[in-house]
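Just so it is clear, A, B, C and D label the chains in written order, and each chain counts residues from 1 on its own.
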Amino acid sequence: MEDAIGTVIEKREVVKGFFLLKFHLITPFSEVIPGQFVMVKVPSKEVFLRRPFSIYEYENGILGILFKVVGKGTKLLSAVEEGEVLSILGPLGRGFSLDSKGRPVIVAGGIGIAGVHLLAKKLGEGVSLFFGCANIAEKALVSDMVHLRPSISTLDGSFGFSGNVVEMLKNYIEEQTSYDLKIYACGPEGMIRAIKDLLIHDRTPCEVLIEERMACGMGLCYGCVKKTYDVREPFKRVCKEGPVFDLWQISL
Amino acid sequence: MADISLNLFGRKLKNPVMNASGTLGYGREIEPLWRVSEMGVYVSKGLSLKPHHGNPTPRVWEVSSGMLNSIGLQNIGIDRFLEEYLPYFSETKTPVIINFFGFTVEEYVGCAERIKDDENIFALEMNLSCPNIKEGGIGFGKDPNMVFNLIKAVKSVTTKPIFAKLSPEVKNIVEIAKSAYEAGSDGLTLINTMPGVAVDIRKGVIPIKGGLSGPAIKPVALKAVYECRKAVPIPILGTGGIMSLEDALSFFMAGAWAIQVGTATFVDPYTIPRIIDGLKGYLEHHGFSSVSEITGITE
Amino acid sequence: MADISLNLFGRKLKNPVMNASGTLGYGREIEPLWRVSEMGVYVSKGLSLKPHHGNPTPRVWEVSSGMLNSIGLQNIGIDRFLEEYLPYFSETKTPVIINFFGFTVEEYVGCAERIKDDENIFALEMNLSCPNIKEGGIGFGKDPNMVFNLIKAVKSVTTKPIFAKLSPEVKNIVEIAKSAYEAGSDGLTLINTMPGVAVDIRKGVIPIKGGLSGPAIKPVALKAVYECRKAVPIPILGTGGIMSLEDALSFFMAGAWAIQVGTATFVDPYTIPRIIDGLKGYLEHHGFSSVSEITGITE
Amino acid sequence: MEDAIGTVIEKREVVKGFFLLKFHLITPFSEVIPGQFVMVKVPSKEVFLRRPFSIYEYENGILGILFKVVGKGTKLLSAVEEGEVLSILGPLGRGFSLDSKGRPVIVAGGIGIAGVHLLAKKLGEGVSLFFGCANIAEKALVSDMVHLRPSISTLDGSFGFSGNVVEMLKNYIEEQTSYDLKIYACGPEGMIRAIKDLLIHDRTPCEVLIEERMACGMGLCYGCVKKTYDVREPFKRVCKEGPVFDLWQISL
């Protein structure tokens, strides 16, 4: 873990409201596991706390985050300029486990793609990628993953499967003869719930990346907890014991 | 280098800088960045006789120059802390202040009793911001008599020095400080968070009712330190919105013997080591030989 | 345009936006920029039976997200105000709330008595943050009994509606609000500044002991509004750190009937007219027909 | 009075630590009286209140302020860039009276020159200008007023009269045969006090520009008062009844 100084080397609005920001880190991270995240200090006194973002990509001291503008912090972050210098704490949290058995299936909803992008890259050709978004424009969010031949659903039906990503996943799963799957999911809470409902019968192995409001991002404040089925200590820190959890251990 | 050590209750602390309770986890979480043993004292997360699960989320909310938190005192309980975490501080020779709380006098006393005479435990810090469920839920720290009786009761079961940690949501914090002092409190920690709420105007709801911390409360904390130092002759640990060396100096000058850094660590995890370094430099540069020379220099 | 008028005590105010007492001088000072009559109500500077000279300087000090002030209630006295300033508000048809204070019950009562039944005076606002010099200097607003007796006494000499303006430096603001209500207060103004101090580390002195205002106190003010609205059935004027339309909406949703803008005017002198305009736009856009539809929508 | 939008069109470090900032105001000021000031919103959330600065120069919508870096606000202000846009409230306060009888003498100490610069310009050739500063470098602060042949004192003796400006003024006054002078002064409190001591015997007419911490700058808060000999209302607002006061009415 480093509180690294990152210089903005690239900013790109991938789709309207979605930005890709690349930093050169002076002190590079040691090892990054897909699903881990960083806490970014937005360079403005209007934003007090740091903001958490998944590590979208990382290689040789170059860090990429992909984010959606939803509030004050992300708005200001979308306005940083190349050459600006930010504090970036990371890599943080427990990422996805890569050594599991089962055919890997990734499910991402909207900006949730940011959380599984590095995972998809690591897993490579063998993976099935399901991506749900609002409309055809947002399919640009997976344009660098065409080699994985992602299945895309749009809510407005403007491209691919018409409907939400879990309905699309359902069709896929029903077509499978063997059930030896390993699901990795990241997306809005509603999506995670729907996945749970879909998989509960067989309790198909599934890891999910969870979001929660954070203050410290490194386990200091106990502000970011998620309730689990652990009786002794139900509330686990998303930033420390997560953000990736076994779907069957958390209480949604 | 100037000597920034502090003699307190017959112990030499390597510096007068601590974390504020509940803002540095169980201690080791920060160690990928710096060592807990760099601080004069590690202050534990709030502990209680029995474990507590805490509140549902959202537990944190950003506001102007600060944050609200409603962690709800989640903790593993005093016994597990002593068993699983304390040995690490002993190994690293880090003096520990145990911050603890209860919802009845018995819970406070019970908790204090568990804290055996471990040499490494430097003192106890009583969080007085909890509601007394046997007295209709009024906060222990709001009533001078309740404060007096509670501290008396705790003092009778422990030989450790006690810091009473006061809430700013009181009529007159000096009156409470005096009660604590008269009951035998060995020191004061000033202040705990200030109760507040936030409104989510998009949803039309109150997402959080919690405690305000950060620079927003600094003037209130400085006032508490300044006034209480004039009213009672016991050491004060100052906390509330300390983000920089300058803030730390403000607290010393207002009357704090040592300071505690809380929320700042979330914004910049290196705040504590930076203040420790800065303090050395400041004393040297200004020709002071110890922090006590600036403690309480304001009239 | 949506209707942002507010019916209060049988009077129709053109909007629910006012200045906070003491932050818009005697009213006319702002008129090179905008007209006082644009507000639903003008709230007077704090007035007293006799003139007060106020405190020495520095009287203002910047802090994180706010400021400290120790104006010391400088004012020309109620009589001169009524004579020299009130006629202007009558001419411009601006309803006035007279904010007043005293250091004894007699001073409060005496001041209230002077306020003859001028139609243009909409209500009185009692600043309860003053020390009661006959009771050892304890703040009137800190003690439920003192609040009750004081308000009773004032109510007996005036027919005007009264807003009790409460200090946040109390044990439990709801308890004080209830006392005020039981004594016959017609409404509440929440909150006054929060006492604090600053340290000048270059000089090693406390340059100011004053009241904290601005965004720093917003969470505390919202809590007071939210809790008091649940406890007493009288209108609440919300104040404390309102800088924007969003802040104003937070106060309405927490339970305020109208809002008062203070410190923000120093930072941006057009804050008040901007909030008035913004409010119209917001209600229209969201299909509300009046502000009362969002007042207290938080559970 | 306007809350004007000002675009920075020039920034110049006149002497180390002293900056001249020129703005183009979209809504020009109507009339500016020497001694009046503006409240400048420093474009940073780290600075909450506006900061007062004398109107150093003003012509046709172009406003100049001259300031010394002394704290957070002036530090940040010294870092604004050309093209940046700031809110500037002004013109504020009561300026110097120009119609007085008596031969005009201006006395300025250090950055106090900013408060009397416009006055010196207005009064023109007939005025005697006394300027006291720390060292020879700071004499650059009056380099645009050489036509007035200013008398300059330096504390370190590196140029002109060696000593403080009031000692220099004293020599001058002692040389005068007629006493029909009108003094205008702006500078640190110590300088004003010394002037008072110097002039008290004859109660020579003197107007002084006073500084006080301000919040609103327009008479709203009563934060900026100066004690005067007015018995009924001793505390006058520096921003409204001042910043220029008759020296013989204020209590120093």
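Basically, a contact is a pair of C-beta atoms (placed from the backbone, for glycine too) under 8 Å apart; a residue touches a chain by one contact, two chains touch by 3 or more.
Treat the numbers as computed from the prediction; the structure is a model and nothing was measured.
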Problem set entry | Chains touching both chain B and chain C | none
For this session: Count the smallest number of chain-to-chain hops linking chain A with chain C, moving only between touching chains.
Result: 2
Problem set entry | Relative to chain D, chain with the most remote C-alpha centre | A
Exercise. From the C-alpha centre of chain C to that of chain D, how far is it in Å?
Worked result: 36
Seminar exercise, completed: Note: chain D sits from chain B at a C-alpha centroid distance in Å of 47
Exercise. When the centre of a chain is set as the mean of its C-alpha atoms, what distance in Å lies between chain A and chain D?
Worked result: 58
For this session: Give the residues of chain A that touch two or more other chains, as numbers and ranges in rising order.
Result: none
Exercise. Which positions in chain B touch two or more other chains at once?
Worked result: 63-66
For this session: Select the category (line, ring, star, complete, other) that matches the graph of chains linked by touching.
Result: ring
Problem set entry | Set of all touching chain pairs, with the criterion as stated earlier | A-B, A-D, B-C, C-D
Seminar exercise, completed: In their shared complex, chain D is touched by residues of chain A numbered 44-46
Problem set entry | Residue ranges of chain D in contact with chain C within the complex | 1, 3, 41, 47-50, 87, 89, 212-227, 232-235, 240
Problem set entry | For the chain C and chain D complex, residues of the former touching the latter | 22-25, 29-30, 32-33, 45, 51, 53-54, 56-67, 69, 71, 74, 76, 214, 263, 265-270
Problem set entry | Complex contact set, residues of chain C against chain B | 63-66, 68, 138, 142-143, 169-172, 194-199, 201, 204-206, 209, 212, 215-220, 222-223, 226, 241, 246, 249-251, 253-254, 294, 297-299
